[in-house]
Amino acid sequence: MSDLLSIEGLGITFGGVRAVHDVSFRVRPGEIVSVIGPNGAGKTTLFNMISGVYRPGAGRVVLEGEDVTGMEPHLLARRGMSRTFQNLQIFPSMTALENAVTGYHLQERGPVLADLLGLPGARARARRAEAGARALLARVGLERAAERAAGNLSYGSLKRLEIARALALKPKVLLLDEPAAGCNAVETEEIDHLIAEVAASGVAILLVEHDMKMVMRISNHIVVLDHGEKIAEGDPATVSRNPAVIAAYLGVEEGQDHAHG
Amino acid sequence: MKMTPKTATLLVLAALIALTPFFFPSGYYYRVGALLFVNGIAVTGMVILTGYAGQISLGHAGFAGIGAYACALAPVHWGLHPALAVVLGAALSALLAFLVGRPILRLKGYYLGVATLGLGILVAMVLNNERQLTGGPDGMEVPELGLRAVLKGWGLTLSNGEFWYFFCGLVLLVGAWLALNLYASPTGRALRALHGSEVAARTVGIDVARLKLQAFVISAVYASVSGSLLALQNKFVTPDVAGFMHSIEMVTMAVLGGVGSVLGAIFGAGILTLLPQVLTVFAEYEQMVLGLVMVLVMIFLREGLLPSVLGKFRGKDE
Amino acid sequence: MLTVEGLRSRYGRIEVLHGIDLEVQSGEIVTVVGANGAGKTTLLRCLSGVQPVSSGTITFRGEALVPVPAYRRLARGLAQSPEGRQIFTNLTVEENLRLGAFLFADDRVEKDMDDAFRMFPVLKEKRNLAAGGLSGGQQQMLAMARALMGRPSCLLLDEPSMGLAPIIVAQIFEVVKGIRDLGVTTLLVEQNAFGALKIADRGYVMETGHITLSGAAEELIADPRIREAYLGI
Amino acid sequence: MSELLQFLFSGVTIGAVYALVALGFTIIYNASDVVNFAQGEFVMLGGMITWFAHAAGLPLPLAALIAIAATACLGVAMNKLMIEPARGAPVVSLIIITIGASIFIEGAAQLVFDKQIHSFPAFSGDAPIRVGGATILPQSLWVTGGAIAVFVGLWLFFTRTLLGRAVLATSNNRLAAQLVGINTTFVMTLSFALSAAIGALAGVLATPITLTSYGVGIGFALKGFAGAMLGGMGNPKGALVGGFAIGMIEALTAGYLSSQYKDAAAFVVILAVLFFLPQGLFGRTSTDRV
Amino acid sequence: EIRLGASISATGPAAFLGDPEAKTLEMLVEALNAAGGINGEDVKLVMYDDGGDPNKARTFATRLVEDDEVVAIIGGTSTGTSMSILAIAEDAEIPFISLAGAIDIIDPVKPYTFKTPHTDRMACQKIFEDMKTQGYTKIGMISGTDGFGASMQAQCKSVAGDYGVEIVADETYDPKDADMTAQLTKIRNAPGVQAVLNPGFGQGPSIVTRNYKQLDIGLPFYQSHGVASDGFIQLAGAEAAEGVRLPGTALLVADLLAEDDVQKPVVTAYKAAFEAKTGTPVGTFGGYAHDAFLILTDAIARAGSSEPAAIRDAIEATSGLAGTTGVYTFSSTDHLGLDLSAFRMLEIRGGKWALVE
């Protein structure tokens, strides 16, 4: 299978500090690639560059053979890229349902004039999006919170709301930044299943997560960053045995735990 | 079928416009009513810009000024019919908003505030200084719209006050209808989304810059139409219509009534239009009372008058 | 040391804590576990005074805490590392830490800061940078370090391990154990229930605003209900 | 040459007034993220109270002191009665409150005082100081000196004192500020007192040049706001530079281009600067990450 | 009871004009009723504060006409507000006496609209007349951008030629400006300039006058009737104001008037009453309100009726009525009723007003 997304020598600096340097890897459809590494390794920054939030200082992002480096996020979204955030980015004054519906923006949008005039077409588009969003909320276990203002939901619920919104885009590439943060082991497993399901439908998934159980369970491939550079790469078993990874990230005890777990 | 908030709002508005005249003892009340509707139109535009999209403007009176002076200048200088002048004003306002919108709307919060403030002041300054064209600070006369005569020809005889009351009321209804359509539409939702988090809005595919620009242009048209109607009914216009105080007044009306909802904002327009008329009994205390009312409403009904009151009434958590 | 009785709290008209009873003895590590939205964060917010209490009492070292305004509670010995980190993003890392010791103007501030830097060397590297530029995990470390700068006798931690690399999570738990030996009491809210219960003395289970279960930590780990619902084993 | 110098002197005179007003905005803004549109009224009160006390027979320095103290008290009262009860309200609501307060104070001033224009004597006489063929009034130097002194004070306060840091912390994250033991209520009270006092000081220093009446507040607020935004709201350096810059632009435009459009020039420059520096000249860029 | 209406800018940017106007009207009504009213009927004054906003003025005018049912309206402190009220009054056919300067208000003549102040054009003429006598042909002008200043600027420019005066520098300032030395420097450097004219009102002219002194320009300096009050001398400072010339009304020089001056009794009485009541010195603008009220009550008394049309006719028939501003004689073609002789050229000498003649 050919690459859906390929990252080539990506790098960026902030005030002289190299946050990410020369990182390359590729992701194929249906594959779950995890990016792990110590705090401050550059994982979120990498996501920000891939999704167009930051303009990379070096390197290329290639999506389906097209160079999309530094492209605006909303244009990337049109090409099938979608993401969640480590620091929650929700629309607090809208209901959970409306938050999820915004994920359908690209599918439901139409001419402003039609929207202003309330033409039947515009209304039908809005209704379809709403139905889809409801189904997605149910999928992440938030159906009961649909009509609540998102600003009033607990942290864990919001994490899941972001996933629902990201899924609404029907992405080809999905970037998840610590989706299980703030969820307990059981809740994390639910998210596991969800991610696996999505990947099974052919979506390429890029995952940042510190919950090693989860990472080891669902990743096809793992990229390890440290100080902005790729220090290791491979399948879960290989990576978790890599001494450099254990020293920099897993810690001895934990590393062994998971290697055997 | 359950009544949607949109139908409810429109019904309430229509009923108010149609029924209140039965309690009017004199033409003066038509005048105040018409002013209220004119302000209501401007404020509905603010709802789209500020309430939906979360962008503030301290210079919208500039667009009202363009709308107003279009009605004064176009008929005199280019022989355009006043009704077409309204359209011309709206088009010019939209054009100006479109041209300056993109760079200005990149700014956030108070920086956006000062930029729009500057824009409004520039417009007011041109109207004030280009005396040969605009009559300068003393203002200039505006020709008669002429619609009243047309109606008369159709057998509908209205006094000047009545005509402007119902005409402005009708325009307000249309304006409110459009804004309400927008609210729940995909565009409206996208606007409200970028209000919450721009980054998230961008990553779900919302072209934030373009959408903000659309909201800015639409609200500029509202302000422009409101300025035109004011000029046409006053048959006289001064640069005050484009002045800083008028901009502030628009924002205040919207926020006071509840900038998140059309009905709320129109309610706010009502309050600030009626208050000075009511406060004349306080004579020299008028200004103090006005300031105090603004402060107290914002302290005790911080979502704005109407939403807060309705919220309490329904006893429902937001 | 800390006693909570019949605590109720609400957001607007919706009550989310329906009478919480809980106790923390001096020198203990007590953990609270519960699902998303159970009310754990709300409970901690009540304890630090930033969330209004509608009824019930909180007693801290023999003193009724409810009437004490939030900003005085640190002086009483209660420090919190809150959910969502809540660092001062516009200030530098060092300024964040100094503000953690806002109440103190003695030499110990420098020493405490050195300790914090030793604990989290990356903070020292970034001491003069705006805290808002830190990575998520670094901010979490800063929140924890800032709480410690307040010299608490009782530390309230809301998901301190969130977003931290495994190696640092282990370290955080070590720190909590370490300060217990110095006499600091800890109330720990964690989604990593397994890790939390391993270092805790006692634990409470919270469900939709009620305490449904409590006991010694090792008992809870062994409890099948807990294992199934929270530990996923 | 002497012409240019005269324009520059004119710019300094105007700019110093703007800068002093702009500096008054910084503290409240830094404590609460709110631009207090009643700031201009503090300036007005500084001038009006001084005039009244002076006209009532008090010596000028004492009258000025009373004005500053009284305005500071009023600032505190405004915080207690209007801002504090609105805690947690959205920023737009707070802005409307400050505008309401401004209207209220203006309305009260025209009752308590009168509607006439007033002035009091310049501190060191009206004899112009001659430099290279141009002249400047001693009072302009007073205002400039005042602006610089306030700037230095604020700069030290925000960068060198923990209390100054606490003020910044309060606006950055009120909840966290409380958690580290900052009495945010006190910080707000202090900010209003200081801002009001700075505003009144501006009024005292500027009145011999600008004259005063109950309605001058809005004009001051507007120009001060523009100056503060040009420099970057919240940064004392920005307020100082922004205020002087606007004064200079106005004077030079009036001198060399068109006195009708000198205000336009100021706003065009502001728009141009914001186009390249969306946070003003020295404003802090927000560092929140996603 | 006779109901009279007024819409005055007692607050807002023109408050220092509107305030004495409002106080004057209140005072005069009180005095009139105490003296038995007009032909035995009490007068009731309904007064609104339009804050200088033409839009508000229009609403209040409507209110006066439709709701309060007044028989005549005084007001319009500024030209903008006057134009708004005018439209309503003409529609309703109710006499209206404006207190604003612009010539547009009564030119062309509208049936129901009158005004008491001199026009801006007349003020300019008076000034240029004086300049011509002094032999100044090249002058610099600096005016405010407010309504008064802009209107004076336009009128003066249009009549200057009639007096052989050339305007070689034409500068403006915003009414809120703090320093006008830049503009004045430009004027000073204009080649051949012999005198400077500053038409304006409010604080602007005081600041200009001080800056004028600061720059030591030394050329003859003219102001307009916009600053004809003692307050101006105080604000500008007697030293800076020394030698300033302006066209003013009899009101300012009440005690200098000849004993047989027809205006002397009116002026002295008004001055005494106003200063006793308010404790502030009289000014030209309060005088405008005084005259408006005088003209109106005089007309009602003569008409013997409070029918608007009758009042209008009576006003138009007013002849030789001495007010504080001048002696009014209206006709069907002249709704201003004053000529240039009503203006007196004044000069400030030693901190006091002096008659130039």
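Which chain is which? They are A, B, C, D and E, in the order written, and residues in each are numbered from 1.
Criterion: contacts are C-beta pairs under 8 Å (C-beta built on N, C-alpha and C of every residue); 3 or more make two chains touch, one makes a residue touch a chain.
Owing to the predicted nature of the structure, the values given are computational and were not obtained by experimental measurement.
Steps from chain A to chain C, minimised over paths through touching chains, total 1. Traced through touching neighbours, the fewest hops from chain A to chain E number 2. The interface with the greater count of contacting C-beta pairs, when A-D is set against B-D, is B-D.
If you average the CA atoms of chain C and of chain E, the two centres end up 74 Å from each other.
With centres taken as mean Cα positions, chain D sits 42 Å from chain C. With each centre defined as the average position of its C-alpha atoms, the distance from chain B to chain E rounds to 36 Å. Counting partner chains per residue, chain C shows two or more touched chains at residues 133-136. The set of chain E residues touching two or more other chains comprises 10-11, 145. The set of chain A residues that touch two or more partner chains comprises 44, 53, 85-87, 89. Against chain A, in their complex, chain B makes its touches with residues 177-178, 180-182, 184-190, 192-193, 195-197, 199-208, 214, 218, 260, 318. Contacts from chain B toward chain E in the complex involve residues 25-29, 31-32, 35, 128-129, 131, 136-139, 141, 160-161, 230, 234-236, 238, 240-241, 276-277, 280, 283-284, 286-287. If you check the complex, the residues on chain A that touch chain D are 44, 48, 53, 85-87, 89.
Residues 35, 82, 85-86, 88-97, 99-108, 110-111, 218, 222, 225-226, 229-230, 233, 260-261, 263-264, 267-268, 270-271, 274-275, 278-280, 283, 290 of chain D are the ones that touch chain B when the two sit in their complex. Remark: chain D residues 162, 165-166, 168-169, 172-173, 175-184, 284, 286-289 touch chain C in the complex.
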